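Below you'll find the structures, each written out as structure tokens.
Note that chain A is present in both complexes that follow, paired respectively with chain B and with chain C.
Coming up: the complex of A and B.
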């Protein structure tokens, strides 16, 4: 027997349909839905069906709304967007299954995206991570190397001259 | 500035559409899936409830290149933010095509209004503060100066359609003022909205030239 407080009884096609909210789930499926909704804190959607709740075959018909608005937090300004081919190569790099040619291609792609994202001036020497994060910028290669020498980085970095196809080194 | 040609630089450009539905017709999970499939990087979000639970959402949804897809399901808006007018115009069309082909929803149907918000910096080689002061209404400025007991001048010029109501679909607002960070630059802010797609395209097509012409009039 279903446990609910019957606030009204509606006759529908000769069948009696109880309206009102059940207090406890009575079937396994209802139990699962109940548990899911409890965990997800879902609530009945007010904009689809505005009538009273009714159940057919023990399953609720109405859609549910998630009470919390999903706020997309956005992106870190420190990392440029990378195209799909760069991400594929990054994945290969992680697995150490990358060829020298692919590595240079990856650095080229990252340097290109980073220079657009950070609006870097052509000719500058830049040390960056393989996710396009800028570590250091300088006018000459020597001054850049002086700035980064002796420092320890959590990620591998490489040096690139913006606007040139010039791989200058990898640390 | 090296020569006398005015230089217009986009600070930020945004464009989008507000749809006229009771419930925002784009599902967040479907949108993310469609964008990821088309090379967009998705913004990080927590655990999402599975369908058919409806989710309201807002903020930066995804990015590709230098443009970010933004949405506000509560107000029914979706659009893009980028670094130039042309970039956001093209990106919005790309977004509309993706949503149409992947989700079967046209961003050009049931439109309440299209909107553009663009901020420019303009370098004409002159000092905007002095140029803007030239077009002020001297009679009113004299009276304002008397009331405040201080010599005053106008800081900005704002142009809006005559008799239009700001809180309506058909509206534009062009503000021309000195840039607060650099006295040699103008800051020009533009807000435009209309339900008419054709009008939007016409307005956007010549916007940058139009703004330069307005500044030319100020500096005459």
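Coming up: the complex of A and C.
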């Protein structure tokens, strides 16, 4: 289930813009048009991740196109909302002042939140960023490592097994 | 009909089933590779693939592969930091496996001089332990086509 989150967007010329995903149709005709457009890939479905874009009249509205007009106080839909203790540990990680135990705890917290946010199935092997963005998901350890081997990522990533406290280890 | 192919057999070393094995790590972008050859303990208590000491990391990063961060469950129920990458098990004792070898998770963790071969590797074969005689055999099933 994709979460619908109405972020607070302020427009300084006084006009309130619709935010988040396009509104879902309510009438039968609207529903048919919506389904047709969705099937033709003319319109993103509510479950499709649009990269955290806002929409204005069906067209994606990028914040970078209107930097002086719109101020977004929400958070990206691509990232789960991390709990306060995770943010605290993330801050320690940035300062390189984190212990091994804390780093394991941080990964655990992020993986837990991401698995709820993205509804990941228990047992899946995932690679994710420290902001909770999913980089890759696989059914096996080897297939996950195959996908990420040799690839360069802008952010530090880590691997996790959903629902477990370790990717592999002593049984 | 099936036959057994003997891959390895030997007595225990220091009361443990060790086997000499060759593991290769490849950078898929450049084709550069590095080899780790050492003694591995057949470890049925490890659910992963191949485990080696963290000091091998420098050889791996040298070919351009960056092992990815993660965790490992260790004895006593604790969880530690470990790094991982994809590797190929290419040789067990004198037995060379068909190329490119068995794809496996390579875990870099700790400082033990010997490595571990876990269940992800052992699932490919039949391993028999003769405890009283401290002897073990690794075989694989060869399936012949029914005539």
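Definition applied: the second predicted complex is superposed on the first by the 91 of 171 C-alpha atoms of A that agree within 3 Å, B and C clash if a C-alpha of one lies under 4 Å from a C-alpha of the other, contacts with A are read in each partner's own complex, and residues count from 1 in each chain.
We take it that a residue touches a chain if its C-beta (ideal position, glycine included) is under 8 Å from a C-beta of that chain, and two chains touch if they have at least 3 such contacts.
This one's a predicted model, so the numbers in the text were calculated from it and none came from an experiment.
When the two complexes are overlaid on their common chain A, residue A:137 makes contact with neither chain B nor chain C. Once chain A of one complex is fitted onto chain A of the other, the partner contacts of A:93 are absent, as it touches neither chain B nor chain C.
Of the two partner chains placed by the overlay, only chain B lies in contact with A:81; chain C stays clear of it.
In the superposition on chain A, none of the residues of chain A is touched both by chain B in one structure and by chain C in the other. Within the complex formed with chain B, the chain A residues making contact are 40, 42, 45, 47-48, 63-66, 69-75, 81-84, 116-117.
Only residues 100, 103-104, 107-108, 127, 141-142, 145-146, 148-150, 156-160, 165-171 of chain A touch chain C when the two sit together in their complex. Of all residues in chain B, only 22-23, 28, 39, 41, 43-46, 48-49, 52-61, 63-66, 68, 73-74 touch chain A in the complex they form. By the touch rule above, chain C contacts chain A in their complex via residues 27-30, 45-49, 64-65, 68-75, 79-82, 84-86, 103-105, 107, 118-120.
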